[in-house]
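Chain naming follows the written order as A, B and C, and within any one chain the residues start at number 1.
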Amino acid sequence: MRRLAGWMAVALAAALSCAPAKKLAEEVVFWQFWPAEVVTPLLEGFEREHPGVKVRMEQLTWQSGQEKITAAVAAGTVPDLCEIGSTWMPRLLAGGRLADWSAGVADLRPALRGWELCTVGDAIYGVPWVLGTRALFYNRELFARARLDSTRPPETWVELQRAAAAIQRLGHGVHGYGVQAGERYVLSKKFLPFAWGNGGEILSEDLRHAAFDSPASREALEFYLGLRRAGMTAQQDALDREFKEGRLGLEVSGAWLFRQIAREAPGLRYGVALVPRPANERGAHASWAGGEVLVGFNDAKRKQLALELARFLVRPENALALAAAAQSVQPATVGADTSAYYRAHPLEAVFVRQFETARFTPNHPMWGDMEAAIEDEVEQALYDRKSAAQAVEDAQVRLEELAGKK
Amino acid sequence: MGTPARRPGGRGASPATSWAFLSPWALAFGLFGLYPFAFSLFASFTDYSPVRAAGARFVGLGNYARALHDPAFWSALGNTALFVVGTIPFTTALALALALAVQPAFRGRSLFRTGFFLPSVVSVVVLSLVFKGLYAPNGSLNGLLAALHLPTPAWLLDPDTALPAIMAMDVWSASGYYMVIFLAGLEAIPRDLYEAARLEGATARDQLVHITLPLLRPTLLFVLVVNTIRSLQIFAEVFVMTRGGPLHRTTTVVYYLYEQAFYRFDLGYASALAYLLFVLTLALAWLQMRAVGRPVEVSA
Amino acid sequence: MSGGAAAVELRAAASPAWGASLGRWLWLGPLLLTMLLPFAWMAAISLAPRAGGSFARAAAGPWDLSSYRALFASAHLGRYLLNSAAVATAVVLLNVATAATVGYVLGRRRVPGEKLWTLGIVATLMLPKQVLMVPLYLVMARLHLLDTYAALVLPFAVDAFSVFLVRQYVLGLPIELEEAARVDGASDWVIFRAVVLPLMKPVLAVVAIQSFLTNWNSFLFPLIFVDSDRLRTLPVGLALLSQTEHSVDWGFLMAGSTVASLPVLAVFLLFQRHILSGLLAGAEK
């Protein structure tokens, strides 16, 4: 035991004696979520443009990044520039600790999508970097086996329902449509596309009132619930797994599937399409959209450099470099789908096109609670605890109450 | 070792030595243990939000009143209670049985001891990921059940089986850990007690009931108290496997207050919820100490 | 008589014949199998990176070592391992030292209000770390300890669990040996070192195992207290290396977790012998 303690002490001393980092003249601290090998080349580009400046990047984890950001904001030990997921933005905007970048990014407005994520009134508190949305994945081989045209993905709700039902009939563990259930913070992204596409809304234009209860929302929920009969219900990762293994015909999922399919099921014959709309002459191919925003804090030390770094990172070529490496997101750049990369990757380009009809969630400080309320009620309907109409009606009541709290 | 190597002050001077033993620890404990503890108590009487520029306002007992009228809190408390009641007896009994089984010498004893401890070796996040895969509708568990022509529940997707599934995983993964603690406790029991009992013709069962179990009481108390504290704070499994769903049936108190603290940034309310849980835990621990923790007469 | 207990040798456990062990194998064997199954799952997935977390596919193969190669090719792995080892070692040493002394003092009721102290110490475990995190971070920021090794070690060196565990153990220890030593004129310190410490070996082994285990696998606090890559510990590093948005690299994560669990297993194997040292066998003769 004693010898062990000795060895441990030696190891400890060795580890501790490794020299502390040297401080450079000017260091801008950047917290972000992407793998170092993707982001570091971009940051080196920035350092080349700004001699004497060093970017100190720290990678956060998706699972617990917000805890770290929260603690740092509380203690005032914030980074100069920080990447924030759109889910956290409404509360942070309401908190009043983000730096006002209205003047610094005004000229970028026409070039980028997603300003809704970081705007309060006329003031802008960040810059959209990359965006993410959901689109329809379909298995061409199962389409063919079910005697469906594997080159023509479903465009409308009726076509979606029919295709799913036809594939469901194949049996032997094969399912038509993948309905997500059993975990939170996913469900609204699956259901809301149908509500929005059908003309449904969550809040009134001025965000002061709920506008969820409408024939459009009810009809959308009825339709969504009906998909259960032509498919399977499971958590998102289980649905993705079924799809990769060729046992699921259709599901609405995210662009992260591209990487997974390439690695785990390179032989899978599949396609990607816009989320179907209610009918050919009616509604829109709506989807959920979110994104990653670059923000600065009032407590930060190097505000000007942070803004410059943000402006550098959202340049079309830099946002594209990140998106192409990550594949799970797309650049916030308007017209990114015309770039050589997306011309060469048509399936991924569908995601960029999906943004044109996708919707950002309302930028209301209580959005987190609102999303939870919608998910609660939709889930109750999904588990047959409530009718679709009742669920929409109850969600409306809760949303109205939340909309009043600012 | 880092013990304060003071020269002892003689035979009767144990308080001085005691304080010497305690003081470095007490300093660190005050800073890293008690200060956050007191801070949270203070925060529970305010509307403190870590991300808000404006300072916290005193709201008195407002957060506590809100909690008592919050159906989501009560439902989370119900789930947590179910978790505690449904795991601790099984974990304790299994751990004790395993400890008694692997204490005496037999061929392959080390293999079993190590094997049963194995689940504790892996982080709970990774274990939860593994079990999420096992419990998937088309996962390994259902594959096995189907092969045996048994029913295949939807496990984490079914509101009625989701929490029991997480509980089963907890019993499975925690028993080996508490087994080790029981093993250490068994070592504190002087061997000659058993020898004397054997000479008097006591059976193995007599020895278990009259020597082992009574003398194991301090260890049993430790296992009960610590496991109760841990189970009342169950979080990571829920976070990884269900995020509190389906139908909030796996939303535990700590998962709920985590959402309050880091999704809604309402640390005041989260702290109040934590202190309500604290009072409950303290009451349970006190009851356990009353029931199990009577001083044990240890003499041969 | 004092120190006599320390001299008692490890019980030479003469294992009985295979036949006599069969009974235990019959009921412990199946239980052991269920305990091992998830590890088979982990290992299979770490060997079949293309299976995407599906055991059925992983079990079918083909297997290769590419996940392990990717893991060891990562430039930072060595650093993460070293950091984790250094931090866990420091925490274990400090914990064993503080738990032994404080737990002993409390277990022998040598301070006024001992019950209250014990309850107070245990009580700090009763608040979830989710609310303690922000205030603890504020302390670290105030003390300028953020992004240092001290931030990874100091808060965890005063583990209330360990103190409570040792206290409970000491309650169960026969006091006669200490009293005999005191009659012989031994000082407090000598009694502690020569009589009590050897008797506490089993529980200190558990403290060592448990604090190594918790700190080796600790994720949230090391993530939050440390910014620099050079200070990063293994669980945080693994999470960062294996994460992609909305999913994980299953093969990599499971390979990493398998490798990460080996040191814990080694520590367990090393210390478990001390749990079962059998020191009290005949100690009072």
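Some observations on this one:
What we mean here is this: contacts are C-beta pairs under 8 Å (C-beta built on N, C-alpha and C of every residue); 3 or more make two chains touch, one makes a residue touch a chain.
Since this is a predicted model, take the numbers as computed values, not measurements.
Chain-to-chain contact here is organised exhaustively, every possible pair of chains being in touch. Between the chains B-C lie more C-beta contact pairs than between any other two chains. We define each chain's centre as the mean of its Cα atoms; on that basis chain A and chain B are separated by 35 Å. Mean C-alpha position of chain B lies 15 Å from that of chain C. For chain B, residues that reach two or more other chains under the stated contact definition are 50, 139, 261-262.
Among the residues of chain C, those in touch with two or more other chains are 53-54, 93, 134, 138, 219. Each of residues 63, 67, 70-71, 74, 237, 241 in chain A touches at least two other chains.
Within the complex formed with chain C, the residues of chain B that make contact are 1-11, 13-15, 17-19, 21-22, 24-25, 28-29, 31-37, 39-40, 43, 50, 98, 101-103, 105-127, 129-131, 133-134, 139-140, 143, 172, 176-177, 180-181, 183-185, 187-192, 215-219, 221-222, 225-226, 229, 232-233, 235, 254, 257-258, 261-262, 267, 270-271, 274-275, 277-278, 281-282, 285-286, 295-296, 298-300. Here chain B touches chain A in the complex through residues 49-54, 132, 136-139, 154, 156-157, 159, 162, 239, 241-248, 261-265, going by the rule given at the top.
Residues 13-18, 20-21, 24-25, 27-28, 31-32, 34-36, 38-39, 41-42, 53-56, 93-94, 96-98, 100-102, 104-105, 110-112, 119, 121-132, 134-136, 138-139, 143, 154-155, 157-158, 160-161, 163-165, 168-169, 171-176, 182, 185, 187-190, 199, 202-203, 205-206, 209-210, 213, 217, 219, 235, 248, 253-254, 257, 260-261, 264-265, 268-269, 272, 275-285 of chain C are the ones that touch chain B when the two sit in their complex.
Chain contact summary for the complex, chain A toward chain C: residues 1, 4-5, 8-9, 11-12, 14-16, 18, 21, 29, 33, 35-36, 58-64, 67-68, 70-72, 74-77, 132, 236-237, 240-241, 244-245, 254, 256, 259-260, 263-265, 326, 328-329. Listed in rising order, the residues of chain C touching chain A in the complex are 49-54, 57, 82-83, 85-86, 89-90, 92-93, 133-134, 137-138, 141, 146, 149, 219-220, 223-224, 227-230, 236, 239-241, 243-247, 270, 274.
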